[in-house]
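Shared between the two complexes below is chain A, which pairs with chain B and chain C, respectively.
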Partner chain A sequence: MRQSSPSHRFVAAIIAIVTVAAVGCGKTPPASFRLNMVQATKATVPESGLEKPWASWSRERQQQVATILEAMFGTPDEPVALPETGLDLAKLQLAAGPVRSDIVGRKNGLYREHCAHCHGISGDGMGPTAAFLNPYPRDYRQGKFKFKSTWRDAKPTHDDLVRLLHEGVIGTSMPSFALLPPAQVDALAEYVKYLSMRGEAEIALFTYAEQELGADEALPTTKEFLVDEVLTPIAEKWQGAADARIPVAAIPAGVDFNLPGNDLANRDSVARGKALFLGDGGCVKCHGVTALGDGQANDYDDWNKAIVAVSAEVAVGLLSSKEAATGGMSSDALADHRARSAWLDSFAHVLEGDALRPRTIPPRNLRIGHYRGGRRPIDLYRRLYTGINGAPMPGVGPSGPGGKGSVADEEIWHLVNYIRSLPYEMDGELGADRPMVAKDRF
Partner chain B sequence: MTLSTRFAPLCVLGLAAAVSGCSRPRIEAPVADAAAAITIREGLTTVAAGAGGGAGEAQVSGTGWGGLKGRFVFAGDPGQPKPLVVDKDTEVCGKMSKLFDQSLRVDTSSKGLADVVVFVRKSSRVKNPVPTTPVVFDQRNCEFLTPVLVARVGQPIDVRNSDTVGHNTNIDGTSFNQLIPAGQGTTYTAAGEMGMPRPATCNIHPWMKAYMIFRKDGYVAVSSADGSFEIPDLPAGEPLEFQVWHARSTGSGGGLVLEQPELKWNPKGRFTLTLQADEIKDLGVLDVPASAIGT
Partner chain C sequence: MTGRSFNWTHLVACLLVGVTAVLLSFGALVTTYEAAMAVPDWPGTYGHNLLLYPWADWLQGPWDLFLEHGHRLLGALAGMVTLVLAAVAWRSSARPMVKWLAMAAVALVVVQGALGGARVLLDDKTVAKVHACTGPLFFAVAVAIACLSRRSSEQGTRLSRLPVALVVASYLQLVAGAQLRHLDAAVSPSVFRGLVGLHILGAFAVTVFAVASASSVGIDGSLSSRRWSRGIVALVVLQLLLGLGAWVVSWGMPAGLVPESWLSEPLRARSVWSAMVVTGHVVLGMLILASSVVLAIDAGGWRAVTSASAAGSSSQSRAFA
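Right after this comes the complex of A and B.
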């Protein structure tokens, strides 16, 4: 046998050293929630007269929010549900923590097994795969959900979340979890609510710090503040979701959803729906005359819009801060200028790592027959009635109980009927009387 | 050179790349202090002894009513308003008159700064009940006719569309994003107090932007074209914290920051005053420096 040459031994040694140096020999630290750094940095805008350097002042304030959140919600491994949240701790424990089996062989750590790689440990929609997906995974922390049976600004019901997990979201990377046992889907829906409440409480705390606290003040940690003022209003909206369902009008005569959308029996209804689509419904404005989604198309959804706005602010600020003449400044003004520059620099770094590159939200192409929130007539009815929360899509129904919509409730069913007919319609308006083929749709 | 010596650097590089990965650069986020969190949690799970004296409520401490007025004057050069890019519904939008960016409206003769919002952050008493007459929020020529709309919580808003094209009115932070067909309207009842004015937009015509602020007590004034404002019927005898806001202000959260040391105008764009009964406090001319307004 040939003896290994010195260079062979050298290679092996280097590989060993590099591996140990990079991987380390400690235990993996337990998973932790990541602070909403965009919100945290936004809320720690420097004030004049800061005694400490800006960086240490903002870090202290941010750490205080992290500590309060841990007090209220626990950690990814050990969730806490204060009674005011109305959350079921047993369900949360099933979904939280690392993937493992418990003493009776029941699967635990469901969120990390099925969800975290896209939606992130903190529910920030920034898991490792997020940047590669289009659309981006939902960021739960704003507490905004699109596909639900409730009024536009109300929370989804538990059943809405369960249904969405069961069906998945067609046209996106969100798969169906129909193969999971119902108890597991139920636990995951509960955990989504938990992450959402946590994220909303986090935003509320940072907003309070920005709006109400002086430079040297700390957030109150009393029950009156944290539970009564911060948590309860958020939890009540979630608990009230079941009572915030929109009314559903009776299906008028001449609408038969058991037949295909282009069936002759539906012809009059479809014609009325088309008139609404082009007229009072206003659909044509964004979805286009041909419903290919080619109308107004350069808008952002609320999640992306917030990043666009803050990025622009930081870019403009950085530019003017670099151009500012510091020569004639008083020492106070210079300190303020330095703090502001440090803040802007830090914000630019945060946006690189804690925000995904903003993307516009094109209006749906209604000729494809993919409906993200569900394809049942009732699903389309709900999307039309309230619009889509968080997206530019406005509602044609009233904005709340007792309001007046631009299309009467029962007329919305005709619009639904027309939309259902679109994937099958002859392509007359496009200039050729032939059925649409897929390659022409784009 | 043997194969293995050539192989070594490649190997090391490959390993380093595999281990460090190609993840995005993320700054280290502050983490919770676990021990402190447990202490705080104990305070949250035990029943509080005695109801806390609602720190959020202002204490009733006076009688009578006063008022506040003043006039904002822009000290810089506002420049020419920029024409807006109108690329939707061009057969209607901007046809009546060309559309310009209205986010900084300065009166040419008096230099008065319009659309500055002044409101009370907390008050203990309110003189007038919530009006039942709606405030009108109209749009024509693909432009909102009210740059800043003020409503009391519970007051109806008559959202109209006087154009011959459809608009949607999307009020940030509320449930309202409704399509308003040409020539029609609907009513929205202002629900929930806003801490700062929020944008109202039309997603169909992205250049359209106005602001709205809903307050429970209605102690809100918006400066008129000559920059003047007045808030009547303010509760006298209690310290009132006023927030001043402008859409283009450079201050934190939109707060308008002026050099007013005697009012202790702070970096959040706030100052505190206590009014005497029947006193109409006149702040006089308030100079808004060019640096307080951003691009």
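Right after this comes the complex of A and C.
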């Protein structure tokens, strides 16, 4: 065979493809937690009197927070659970790290296997797939959760998280993990709490730095500060979740949840619920008189709202910093101006790369019969009682123990009954300003 | 060719194609279930020699272990069949192209085995991606050997470039798919968006080349070329549907594009149904690659090249005219 024969070339091409593929991409680096850059940048507003250039000063502050967090919480591969967190390290270890089986064939790295591509390694809701999903996957770092049995501001209980993982969230890309063994779901729920506490501690550290520290001051690294002042209040809220369940009123007479929502036996109760829906409940503002979710639809949830707010702030700042006349400035003022411009530029950059494009949250079309927080009457009761934490949906129950809501507790059951009847309600029963058409149900 | 003696090369090559198809399907399942690290050591399995690991433990153990160890056993089998093929082909009177391809197959199967080992020992996603891209390459080579070792009197006609372009496109599409399957969770949403864009572009290219090949061989191709090319178009249509299905079972209905009520249940992670859709999408991609290799050879492409090279002709370019 001569050198130039096609066979030689073919073999050479195959070898070349494999080599290029093997050499072209380097080894994947070990997983690391990503810093909450939006918080970090917010917390490094340049102050006058900075001795270093803003960029290196802010980087040092970020580095310090990263070091503290690593000491308190470890890494994605090796989690740390301080006793104050009340977290179970064995469960965390099952969920953390790369996907692998241990010596008894038990799977480890569950979070990266099942969740990280959506929720991100750091639980920032910015996994690779996130931009395609609507709603976006939850960013755990604010410690806010929607579907739970506790007061609006309270954390979900462990059981709430387990139940959520078991059921999934219908109508979103959040899947049900009912096919995983219970021990794995349990470990994953524990890991969600871990990531959430870590994210909240991160925000607390940056907020402290922003509010309490002067230029060039470092965060305290004493146990009193880090554990007692930062970590414990966060951990206590999680540990207190089980005691923060909302009370559940007795189901009033004339409400029979064993029958479909449109059953005649429920007629009076449904009518009362409807009156509340159209009246005191204030539901029509968002869900519309038709309950098709065609009321106010341009609102954001809390996660997106925060991004919208800082984006606007940064845009305004950039504009005025561009327009500022630097000609007559003293050298100090000029240095401050430069630092501020650098800050604004880097903030704009962070919003591009470390935040998802804000999206509005539409009120639910209540005629489809999809209830993301669960479809049992008790789930709907809880949704209406506290509203949906983090979303614009308000609650009709009291906002805390001993308070008074806009609808009495037992009456909420009638509202629940009405909600359950909506997917069955016939045309003409709407009392709406426009007749319903078949496509509205889809 | 002697023509009279039994064509062992072809028989062994066909066997290799069969074994490899099962091997790759297992490989795809290993990725779907993220079972690659179900056996932490290599080349042994939990301290046992690969071939001596107790069968009962394998079959009754966890599903992940079943997949990973099964994939390794099949890999070993494919390696042995490849060695036999190389020996048989080398001593046969097969055309030089077949002999060299058989050598390439040996090289590939060794590299692929080593990559599989490196993937486990280093626990590295990059190696996993390369391993996932070498598999179909090996499959394509095995199919090419099986085709070229056929005793057929047909000689190459003028080669249309389209089937070859289809081979290249469907291979690159598998490469793009592997990037999505072996996703590093640390990757940013914008990188992922780029990868998805690439994969959609690839789907478009494969579809265009498949249809174009079918229409070109439909005019002056042989009967079997016409059949293969139409079969490929059918497979590609099915593959597009499976691709959409893989999206839906993984991430739900593309919100805003279709009504929410179309999906009346929450997604279920690890359901058999979703694993079948996703894995099927990968396996079908490999089948499309394999079929387009057959078509490229059948439509005269490589045959023209090899007969030209066997004849010592220097005008390879003519074959591609």
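Rule of thumb we're sticking to: the second predicted complex is superposed on the first by the 403 of 442 C-alpha atoms of A that agree within 3 Å, B and C clash if a C-alpha of one lies under 4 Å from a C-alpha of the other, contacts with A are read in each partner's own complex, and residues count from 1 in each chain.
By our rule, contacts are C-beta pairs under 8 Å (C-beta built on N, C-alpha and C of every residue); 3 or more make two chains touch, one makes a residue touch a chain.
Bear in mind the structure is a predicted one, so any value in this text is a computation, not a measurement.
Q: On the A-aligned overlay, A:D153 touches which partner chain: chain B = first, chain C = second, or both, or neither?
A: A:D153: touches chain B, not chain C.
Q: First (chain B), second (chain C), both or neither: which does A:T360 touch?
A: Neither partner.
Q: Touching A:A131 in the superposition: chain B (first), chain C (second), both, neither?
A: both
Q: Between chain B and chain C, whom does A:V169 touch in the aligned arrangement: first, second, both, or neither?
A: second
Q: With both complexes superposed on chain A, which partner does A:T326 reach: first (chain B), second (chain C), both or neither?
A: In the superposition, A:T326 touches no partner, neither chain B nor chain C.
Q: Going by the contact rule set out at the top, does A:I121 touch chain B (first), chain C (second), both, or neither?
A: Once the two structures are laid over each other on A, A:I121 reaches chain C alone.
Q: For A:G281, decide between first (touching chain B), second (touching chain C), both and neither.
A: In the superposed model, A:G281 contacts chain B only, not chain C.
Q: Looking at A:S406 after the superposition, I want to know if it touches chain B, chain C, both of them or none. Which is it: first, second, both, neither?
A: Once the two structures are laid over each other on A, A:S406 reaches chain B alone.
Q: Of the two partner chains, chain B (first) and chain C (second), which one does A:S48 touch, if any: first, second, both, or neither?
A: After superposing on A, A:S48 lies in contact with chain B but is clear of chain C.
Q: State which residues of chain A lie in both footprints, the one left by chain B and the one left by chain C.
A: In the superposed arrangement, which is not itself an observed complex, chain A uses residues 5, 7-8, 10-11, 14-15, 18, 22, 32, 34, 128, 131, 353 for both chain B and chain C.
Q: Under the definition above, what is the set of chain A residues touching chain C in their complex?
A: It comes out as residues 1, 5-8, 10-11, 14-15, 17-18, 21-22, 25-29, 31-32, 34, 98-101, 103, 105, 107, 109, 112-114, 116-117, 120-121, 126-135, 167-180, 353, 356, 365, 368, 370, 441-442.
Q: Of all residues in chain B, which touch chain A in the complex?
A: Touching chain A: residues 2, 4-5, 7-8, 11-12, 15-16, 19-20, 23-27, 29-34, 36-41, 43-46, 48, 52, 54-56, 88, 165-170, 174-181, 184, 186-189, 191, 195, 203-206, 252-253, 267-268, 294-295 of chain B.
Q: For a test of understanding, state which residues of chain C touch chain A in their complex under the given definition.
A: For chain C paired with chain A, touching residues are 34-40, 46, 61-62, 64-65, 96-97, 100-101, 103-104, 107-108, 111, 115, 122-127, 129-130, 133-134, 137, 141, 175, 183-193, 196, 251-252, 254-256, 259-263, 265-271, 305-306, 308-309, 316.
Q: If you look only at chain A, which of its residues touch chain B in the complex?
A: The contact residues of chain A facing chain B are 5, 7-8, 10-11, 14-15, 18-19, 22-23, 32, 34-35, 37, 40, 45, 47-48, 59, 62-63, 66-72, 75, 80, 82, 128, 131, 151-154, 207, 210-211, 220-229, 279-282, 285-286, 295-296, 298-299, 316, 346, 349-350, 352-354, 386-387, 392-396, 398-400, 403-406.
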